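What follows is chain A paired twice: with chain B in the first complex and chain C in the second.
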Partner chain A sequence: MEPVVRLDRVSHRFGGRDAVAAVSDLDLDVARGRFTTLLGPSGCGKTTTLRMIAGFLRPTSGRILLEGADATSTPPEKRNIGMVFQSYALFPHMTITDNVAFGLRTRRLPGDEVRRRAGEALELVGLSHAAGRKPGELSGGQQQRVALARAVAIRPSVLLLDEPLSNLDARLRVQMRRELLRVQRETGLTAVLVTHDQEEALELSDTMVILNAGRLEQQGDPREVFPRPANRFVAEFLGYDNFPVLPGAGPVTIRPEHVRLLPARAAEGADEAGLDGTVTAVTFQGSHCLVEVDTPAGGDATLRSVHPGDGLRPGDSVRVALPRRHLVALADAAAPAGADR
Partner chain B sequence: MILRRPLLSLLTAIAFVLMLGPVAILIGVAFTAGSTLAFPPEGLSLRWFAAALEYRPFIDAFGTSVLVALVSTALALALGVPATLALQRGRIPGRRVVENLFFTPIIVPELVLGLALFQQVMVGLQITALGTLVIGHTVLLLPYTVRVVGASLALADPRLEEAARGLGAGPVRTFLRVTLPVMAPGIASATILAFITSLNNVPLSLLLTGPGVATLPVEMLNYVQSSFDPVVAAVSVVLLVLSVAVAFATERLAGFTKVFGR
Partner chain C sequence: MTRRGPMLALLVPGLAVLVLAFLYPVAATLLAPPDGDPATVARETGALLSDPYLLPVIARTIRVAVLTTAICLLLGFPVAYLISRAPARWAGRLLALAVFPLMLNTVVRTYGWIVVLGGNGLVGQVGAALGLGRVQLLYTETAIVLGLVQLFLPLMILSAYSSLAQQDPRLEEAARGLGASPGRAFRQVVFPLALPGALVGCTLVFAGAVTAFTTPQLLGGSRERLLSTLLYSRVNVSLDWPAASAVALVMTVLVLAVSALSGRLGKIGSTTS
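Entry: the complex of A and B
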């Protein structure tokens, strides 16, 4: 099926020729009806990419195709996009209904259809009762739902979401994620969401696109990307914390919750790699402890393990067991540039 | 309260007396039935208001003042609003320098500005006193319109315009339906502030008045130099009432922001 959005070797440089590229040579297909997230640390180019798809920024080079047609120089008002901003950007002088109807009126739809579709969009986000109010009278979460309704009402070819949940508090954010996913599923719209929150990306994505320093690091179904990060940057970003180099296996990574600690001189299983180690730190984290163990492994020799923590103290000798099925071989051993951001 | 903070209460009281005392005396004098600027007034009457109305130069000067204030406010808005838009929303090289240039009329002493306009425009270009007055007041008001309208724009989310564009509105529709309504309270406040500033200005007007053309404050100054009766007090009260009325309207309009829920 033809992708709704296609980026063809798109680059963007801010401030002239010799500036650092915010996005370089990015190829990306956004599949119809799917939820795609652009994930990465601040400055990775994800927002720049989204703003280029929306038409607020022109690529320095490369092409943008919408519904198969070259839209590289099409102004935003001619692209049929639905945009939701981090700051909500509701029109403060209009009622909620007028906000939602704005895009329908610019399309010169007949009055009764404008009213019907604005009403439907408000109903979709559960805010029919707020129709006559002004944005300032609503809470942040409600305002963002109005912004979502406003973007959905025009039936855009693609819904663009620029960190829409970042201004909300933690509990509401989780709730709004579900809401966002429900609206996307119910409307069948193609969605592209920008976020720096890996949890958000994992929960929402059909396709997760991880960017770093303007380049694509890895993309795919989160269920495939999460257990198999392609390189150290992706691994670190997804919360992998151990980067040893094992004899015979080379540079690998493993999540702390998969690292098992056994008593000293105990034997690991047949399907595990074993290392002798000395506990250097035990940090209480509520439901568990994070135990740091010095080992003779190459690379980063300190391994972290999620452990009940009872009875372990710094200086204790332990046997570290690494289940082979959780070990992920990495292409690169060194930390990539920008990984510390 | 008074007992708990005696020093603060005392200082506040002194400040109020110093600020409002002269005004109260002036109002009292304006309604006097006597013929001197004495306080307390010798009986109550409106005779000095009637006298002021019969004094032709005051009536003419009042007309000039209102005309100059209206025209220069309109011009300052016509120049200031687009300038603010460009400064706040456009990509202008050396933005800060340009922005500060708009504030120079506040920093440069008005007498210097007046003298420069007198020499270069009135004498140099042979423009009438009324024309020069309007030009001078427009320059004087420009910083106010740029700053007040700019403040209302700076507070508004710059993403609003992008949201409108994304929803299919072209640049013109975006301006008319989103940018302009968002700026409206700022424009209203700027209009009133500019109007009062022009109406009460003395230093600039003093240098730019010509034969037969003077603003009300300048005409009052002229009058005080030759005669000393309560007519001036009566005119002052009229000017005071006008300014307070306009300021009150500002407050009501500033309360307008509540409509926008911000």
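Entry: the complex of A and C
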């Protein structure tokens, strides 16, 4: 099926003396009716990408196709795209109904259809009772839902969401996440959500796109990406904290919950790699401890293991066992961790 | 809240200065000028409002002030908008450029207009070259409005800018994303939200235009009298204090009426869509 949005080698460079590309040569297909998330650390170009899709920014090079047609220079008002901003951007001088109806009125729909569809959209987010109020009289979570209703009401060909949940407290965030997924499934809309929260991306995505410094690192179904990070950047971003150096093997990684700690001089299983190490730190995490182990034999890597923690102290010698089926081979050796630029 | 007494005490020095240095002299000149009493002022005001020579002066003053305000709004608001949306490193320089005329002495600036508008000036020469005959803009209402617009445009730009700069540019983007053309987004989102600043600008420009003296005196001369120049001649030429008080009273009422009106408009703007 034709993608709703296609980015074709899109780059954007902000003007200025030390112009670095915020997005470089990005190829991306957004599948119809699916939930796509753009995931990456702060400053990696997520918002820039979204703003180019919406038409608020022109790519410096490359093409943007919407519904198969070149829309690179189409102004935002002609793109039929629904955008939910991180700051909500509700019109403070209009009632909730007028906010939601705004995009319907610009489409010159008849008055009764405007009222009906605005009403439906508010119902979808459970805010019919707030119809006559002003945005300033609503809580953050409610404003977020109005912003969602306003974007959904126009039946956009794609719904863009820029970190819509990051201003909410942790509980509300989880609740709104479910609600977002429900609205997307009920309306069948194509959605692109930007986030730097991997948990959010894992829960919501049909396709997850990981960006680093304006470039695409890996994309796919989270069920495939999560257990198989392609390179060290993706692995680090997804919480693979261990990068042991095993004799005769290329770069590998393993999650802390899969690393077993045995008494010194104990033998690991046949299907495990073993390394001698010294405990350097034991951190209490609630249901378990995180134990850090220095492994001089493993290229001096510090390995982290999830462990009950009882009886281990810094300085203790241990044997680290790495089950081979949990070791993930990485494409690159030690690419620098691309955090904030 | 519990320490309201000491807080109120802080107001006393400011209030004292305001009352002694501003309210008292204003009340004195308006109600009981040097050689008159409230009754004379009332009689003079009645005469002013029924004098067939003076009524046109009031009408002209209102006309000039309204025109000046409207032109300043039409010219100044878009400039303020562009400055508020310019990249941050440009905004400061552009703003400085826009308010630069404020640094010039009014007399110097106004003589500039005399040179430009006079019969032998730029306007006269261009008119002659185009075969329009002798074009004389100097000592006309047009000249006064031109001079006042130049004088007060920076005030409008600054007031509108202060509102526009606070506005989240995402609001305009949101409107565009929802299908609004640039014009519609401006009319329905950008302008209504910047209305408070525009109204402050309008009030300042109107009050300034009603009370400005140098510009109408030099560019309008005695042919095109305004209330301010009339006031001056009452005080300095005819030395008629009660009559001068009557003129000042009318000017004060005009300015207060307009600022009350703009306050009302601001309230309406912020409560309805």
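Criterion: the second predicted complex is superposed on the first by the 329 of 341 C-alpha atoms of A that agree within 3 Å, B and C clash if a C-alpha of one lies under 4 Å from a C-alpha of the other, contacts with A are read in each partner's own complex, and residues count from 1 in each chain.
The working rule: a residue touches a chain if its C-beta (ideal position, glycine included) is under 8 Å from a C-beta of that chain, and two chains touch if they have at least 3 such contacts.
None of these values were measured; they are calculated from a predicted model.
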Room on chain A for both chain B and chain C (clash or fit): clash
Touched partner set for A:F56, first chain B, second chain C, both or neither: both
Which superposed partner A:P135 touches (first chain B, second chain C, both, neither): first
Partner chain in contact with A:S157 - chain B first, chain C second, else both or neither: neither
Which of chain B and chain C A:S166 touches, first, second, both or neither: neither
Touched partner set for A:T95, first chain B, second chain C, both or neither: second
Touching partner for A:T187 - first (chain B), second (chain C), both, neither: neither
Intersection of the chain A residues that touch chain B with those that touch chain C: 54-56, 75-77, 79-83, 85, 87, 89-93, 102-103, 106-107, 150, 154
Chain C to chain A touching residues, read off their complex: 87, 168, 170-171, 173-181, 184, 188-189, 192-193, 269-270, 273
Residue ranges of chain A in contact with chain C within the complex: 15, 54-56, 75-77, 79-83, 85, 87, 89-95, 98, 102-103, 106-107, 150, 154
Contact set on chain B toward chain A in their complex: 156-157, 159-160, 162-170, 173, 177-178, 181-182, 184, 259-262
Chain A residues touching chain B - in the complex, by the definition given at the top: 54-56, 75-83, 85, 87-93, 102-103, 106-107, 134-137, 147, 150-151, 154, 160
